[in-house]
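What follows is a pair of complexes built around subunit A, which joins subunit B in one and subunit C in the other.
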Partner chain A sequence: MWAIELPPFVPFFIAALFAAVTRGWLRSTILLLAPVLGGLHLMTMPEGIYWQTSFLGYELTPYKVDSLSLIFGYAFHIAAFIATLYALHVKDNVQQVAAPLYAGSAMGAVFAGDLLTLFVFWELLALTSVFLIWARRTSRSYFAGIRYLIIQVLSGVILLIGLLFHAADTGSLAFGAIGTGSLGGWLIFLAFGIKCAFPFLHTWLTDAYPEATPTGTVFLSAFTTKVAVYALARAYPGTEMLVYIGAAMACFPIFFAVIENDLRRVLAYSLINQVGFMVVGIGIGTALSINGAVSHAFNDIIFKGLLFMTMGAVLHMTGRINGSDLGGLYKTMPRTTLFCIVGAASISAFPLFSGFVSKSMVMSAAIEEGYDWVWLMLLFSAAGVFHHAGIKIPYFAFFAHDSGIRVSDPPINMQLAMFIAAALCVTIGVYPSMLYSLLPYDTSYNPYDATHILAQTQLLFFSALAFVWLNLRNMYPPELRSTNLDVDWVYRRLCPTIIQGFVARLAVIGELNNALVHKIGALSPTLARQFGPDGALSSTHPVGSMVKWVIILLAVYLMLSFI
Partner chain B sequence: MIVHLSVLQVIIPLIAAPICLLLRKSELAWAFATLVAFMTLAVSVALLSQVMQSGPVSYELGGWEAPWGIEYRVDMLNAPLLVLISAISALALLASRTSIENEIPENRHTFFYIAWLLCMAGLLGITATGDAFNVFVFLEISSLATYTLIALGKDRRALWASFQYLVAGTIGATFILIGIGLMYVMTGTLNMADLAQRLPDVENTKTVFTAFAFLIVGVCMKLALFPLHLWLPNAYTFAPSIVTTFLAATATKVAVYVMIRFIFDVFGFEFSFTHFPLQEVLLTLGIAGIFVASVVAIYQDNLKRMLAYSSVAQVGYIMLGISFASQTGIMATLLHMLNHGLMKGALFLALAAVVYRMGIAQLSQMHGIASRMPLTMAAFLIGGLSLIGVPLTVGFISKWYLVSAALENGWWPVAAAILLGSLLSVVYIWRVIEVAYFKPVSESTPDVKEAPAALLIPMWILVLANLYFGIETSLTVGVSQMAAADLFGGLR
Partner chain C sequence: MSNPDIKHDQIHDDRVYFFDKPRNVKILMRVFYALCALLVVLDFVINRYTYHPWENLWAFYPIYGFIGCVVLVVIAKWMRTFLMRDEDYYDKPEERRLHEISHARSVEEDHHVGH
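Right, the complex of A and B next:
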């Protein structure tokens, strides 16, 4: 068997290679085959370590399979297949090559058994995904992509520094439980946190995802944050701080999502909110909660992908994505509307849809472990999710006031992809045991007991009632073209303003003392004067100055050694 | 034959040089010199494998026993360096015939090969010998040949650069000679192993202190430690490109080797680091060199000059490794010597190809050049990534061990400085990549073709070596580890 130990990222990288040189149906076949064959192959792999090498005196295991990585691997293969199918009509070479590379990097990261391999794929994730943002080819997407890349690469660098410290402390690079007991542990935690969109570190996500291409965002939503969730689940299970971080993540995006007009940005905020549930689950650290976090990640990959696909379809067909520009699309896009409602029902955790069977696990775990306040916060955010993702997205895109736009349903491949995702949402919701059998821990958990169903439906109905009431009283925040301030304001506006103000202030002093201005106010010309081609440090020197330095150095040596 | 390997290593190129003079015709001289270089490469590889199997190889020149006669001694420390010198020399010579076509007048080609062979013999001699005075002799041979090679550059400033290097190099060599002389006065011996045994008895005298200071300062001049680097940028910029390739990859490394040999083997770790402020001086100058030279490199328009300053910065890293005064530190230094030879060899060969096509490697004229010379610029890109220290390249391995060594000593700021220095190299490499790949071809870009195969093949061999030894590190890391262990187990 030639392929018996082939790491899962290999088929994707090969597909990317072929995608660069082939066109038309041949390329489509190759792109679709990679996740199918890779997924089938993965199903035959029992758990274990398949590839081990020694590097720089450390044991590296670039390919390791266990139950935790396996379920993420399955989810990623499904997501890669759906997203590839969804993007099949795209002619752009850049996207068709970048997408499988990106998906492959995510596989590589998930099956990495050591931190160094993880680091390599961590950076690859950033480098390959940024092309899906740039491929929109607008100046907004270009700059958003640059900001995204800087933050992602920074995360990788912090990871590298952290793993160096960690290796110096423990002498091992194995990717297992790390914990926040040392400086290295903290740095790695921070690196994971950036990719996981912790509060205040989340701005890259809401900044960049809505600027990516309609198909690119579907890929983006599936992989980057889920790799980070996986990494947290492996390295920091049961870290109590994660419970509070996750609860904050679940709550704060609600407010932004409600007032946001760009519907894909609404989904980006709701992505952070859903990741918050997973982070809480990891933080609680019991078997039930980890199971909940992992299964919620699995479901989120599918239903969030579905929602991004429906909004991508709207953007693709109408060219618009602001809630205030859309409305009434259900008349001509009936199927997309239906898929969107299925996605919305799943993310809002309606009984019989996939979100319900996983979200309730996290919440049950929270109440079992005595995190009452956290449970209340999660309850609040569950209501909020229903509000902004469950009602707002379908309502403003497909119903509300009629915008007069008449476009048909998207191309068949997009519909098919959405159909598969929708079907999975329903299937998992109805037969949760399918998903539960894949989970890393054995817990007999039944989501369909009376309390759960009752509590959840109550929540949903009251939330719906609030929406209807607010809307009827015209008190619901109207869909306006506006810029909503988030933390990224700090580095996009505040810091430049401060620096400009600082420089201007210096200039004022400079009017009094011109010489001072040149020294402080403009650092770079000063540097150039010293270091530039004509500067003191780079010009060519007469022979005498070399001799001078030799003498000085010799004198220093002798003096120091005779003292 | 096998027992004479260590002397053959030096004798083959030394004898080949005058034979070259008899050949007269440039093509013949080239073919002969290349053949000789590959023969020395074979010898050095054989030596390395012999050392790895059965320990140090000692050879008594002319049958005179060691303390009295001249001894050639090849061990784990210098065997890999011999391979590096002869391999770079062989690859550069392969490319040299094409490269010097436009850079050196036809009637001087034969002299070029003669000077090259002498330079190589000198460098190999310094490395192979176990005799302190012999080091000086070979140093002079290689230096004189180097001055000639640099002066062959077509820019008239090459003459001046060569003269500058001549003055600097002579001062350096004289200092080394003074150091060796003082040691001889105190001990009456010139054999390194013998010196190592006799020096402890007299090591608390001012004469020995002075000898050490002269020796170290002289060597620092040769290896271009900041601020004694002033000769290097001009020499590298104005020398023929292929000469720069050879010198940048090997010459400074040989000087570093001399330094390590004297510090650890002859004077001994105890003396060097406890009686003497070596650690402080090397640490300060190393870090200063990294930052100053890297920033200067950012501002350069001439790429040869840019890489020359980058070499000064890399010497800084190498010195840092020594200043850690630990086994990991010295191992990182040895590793970085080999790895830096590989990356600078690849980078300067890429520039040699650019100069061959464009006449000059001026960044302002290279807009969009990657579309005209894709293979050359791809080589430059990979070499640059290696210089920065990106994973899967040799640069990463060196930086890894340097940072580990710094952390092992608990010197966090130094580790941070190393990483900051890498960021600076990102800047100067990225400038080139941006201009070559992302700027549209402008009118000032000359209409050029891809470089000929004679340049591309050696270039890509070195590029692939950068990648290969970045992934399969057992040879380079293993050899450096053994050498570092030997240095700390020591001759004494």
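Right, the complex of A and C next:
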């Protein structure tokens, strides 16, 4: 039956179509039904290929299900449901249509069995998500959206060039293990790397995500980077370079996060840090590490979404998001505070919260495979995560000095969405076997032994002690209204300045040229008369006269041929 | 957690909340310090298996966590000396550009209307 084999992106695209023309409770119902029905349907799908077609002699597989795509599919359906519920009060048509299209594109990319289908959804991810940034309707979000779109589309174009090389090499477009053995492989790796926010390619994320709407960022945080993680896990497992790239990703953003004032930008840096753990897991390439990477992606989608939701709630209610403007909100937003603390505990990998059961897998795999220095870096960044995401976010928003702002908890749909995410964080943390049963490999991993629990708790408590000590000694950097330069300075300031300088130089050359023409004119009036603006040799001829001469020449040629 | 630049004067709210009482903060901090101490003591009680020789060092995880975070903050503070700019560092040229675009457009429209 055709309905059984409906690809998972279809319900979302249909919902987007209806969302454009309906309003009120009807639209809310349709938007919520898409992830619910899609998710239930996905649970009945056994692994296999459901749609195969042929295009220009290449075999295309737009819909393929296996254990790796399935777990990402589940996570995306959960994220789509929670984020849609969170955004239910939004009246803006642009956002309500763009969001399901964006979620659907992510589904399409994850269930793509060939590279061309992946490319199509890869670009759709960019085109649909940018509207969630522009929907903020500020000049900042306008420019951030344009920069985001340029970089995302560039990633897609590189993917397209890479897949053409790859297809020429191998004669197949199948989306499986690719490896960095060829030029095509490298280009595809680079394309995935841009979307995955590799170091130096990461600024689109920290630039654009904090400028999106309060609800839009919740969608953005769930899909784009996780699709890239999925793509890396499928095409480049065990690529050793990923271990070092991932370790760098896990470490460098935490320094920026500590001095950043915009709390949603702090979370954006923290997002790169968490993706770093996943990239390390993919790079190590053992069954345990891939399981760790995938389960951490699953958990991150939920707890990072939860943290972005709590900060979105703060922005929605107070209109502010800078740490320097906030503080003391726990007094009147007790539920949001509680949800934020659950999210913070999960991302920090406290025992009994979801981050703990997945992050420890990657770290165990790193030490088992002999990556000692990488393990130390991951340990450092695990402590650092607690420092900036675990303590800084809740502390500066809800506690710290009292800003005097008194706002209530956000609308009920936002609270409900945060509650579901928080409940999932705790449930997965307490019953990790639920998550483990979905993983692509069978490994009997138990995170809850005395060694792990004690080590992780010690690490976190003494990170907190460091925070307290630094605060008491006034050594903790205060929240300041500021912009911190990152790699995006190169294309936002350096290149424009160089180009402006270059244009100014050209203008000077042009003036010199004019002066030279006048000089020549003065030197030789005859030449000037011939070549000057009104000179005989500078005159232009109409096309008609040229046609006339062509006809005459052809006629002469014809006559000559008769002679 | 005490902060010297506390500004209570903006609050127009008579209710006294949990952390407004210094006594509560003090109790919370004492509990926290006690837990930290307990965790170090547990290191000797619980017989851990280790993967790596460094883990056998005395109180490896507590010391690594504490020093790691202090180093993190010190380096991050130092980074501010050369990375920090005004809040509107990027905004000014962008807004000027937006103004130019919209200005050019309005001139063009006037032009069309004039014809």
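A few notes on this one:
By definition in this document, the second predicted complex is superposed on the first by the 499 of 563 C-alpha atoms of A that agree within 3 Å, B and C clash if a C-alpha of one lies under 4 Å from a C-alpha of the other, contacts with A are read in each partner's own complex, and residues count from 1 in each chain.
Definition applied: a residue touches a chain if its C-beta (ideal position, glycine included) is under 8 Å from a C-beta of that chain, and two chains touch if they have at least 3 such contacts.
Here the structure is a predicted model, which is why all the values come from computation and not from measurement.
By the touch criterion stated above, A:A168 is placed in contact with subunit B alone, subunit C being left untouched.
By the document's definition of touching, of the two partners only subunit B reaches A:V120; subunit C does not.
By the document's definition of touching, of the two partners only subunit C reaches A:W375; subunit B does not.
Of the two partner chains placed around the shared chain by superposition, subunit C is the only one that A:N474 touches, whereas subunit B remains out of contact.
Once the two complexes are overlaid on the shared chain, A:F562 sits against subunit B while remaining clear of subunit C. Ranked by how many residues of subunit A each touches, subunit B and subunit C are led by C.
Contacts of A:H387 after superposition: subunit C is touched, whereas subunit B is not reached. In the superposed model, A:L554 makes contact with subunit B only, not with subunit C.
Residue ranges of subunit A in contact with subunit B, taken from their complex: 54-57, 116, 119-120, 161, 164-165, 167-168, 527-528, 531-533, 535, 537-538, 540-541, 543, 545-547, 549-550, 553-554, 556-558, 560-562. Across the complex, subunit A is touched by residues 1-8, 10-13, 15, 17, 19, 29, 32-33, 35-36, 39-40, 42-43, 46, 48-52, 55, 59, 61-70, 72-77, 79-80, 83-91, 93-95, 98 of subunit C. Residues of subunit B that touch subunit A in their complex: 163-164, 167-168, 171-172, 175, 206, 209-210, 212-214, 216-217, 220-221, 227-228, 230-231, 233-234, 275-277, 280-281, 292, 295-296, 298-301, 309, 391-392, 397, 400-401, 403-404, 407-408, 415, 419, 473-474, 477.
Of all residues in subunit A, those touching subunit C in their complex are 139-140, 142-143, 254-256, 258-259, 328, 330-331, 364, 367-368, 372, 375, 379-380, 383-384, 387, 395, 399-404, 406, 450-451, 454-472, 474-478, 480-486, 492-493, 496.
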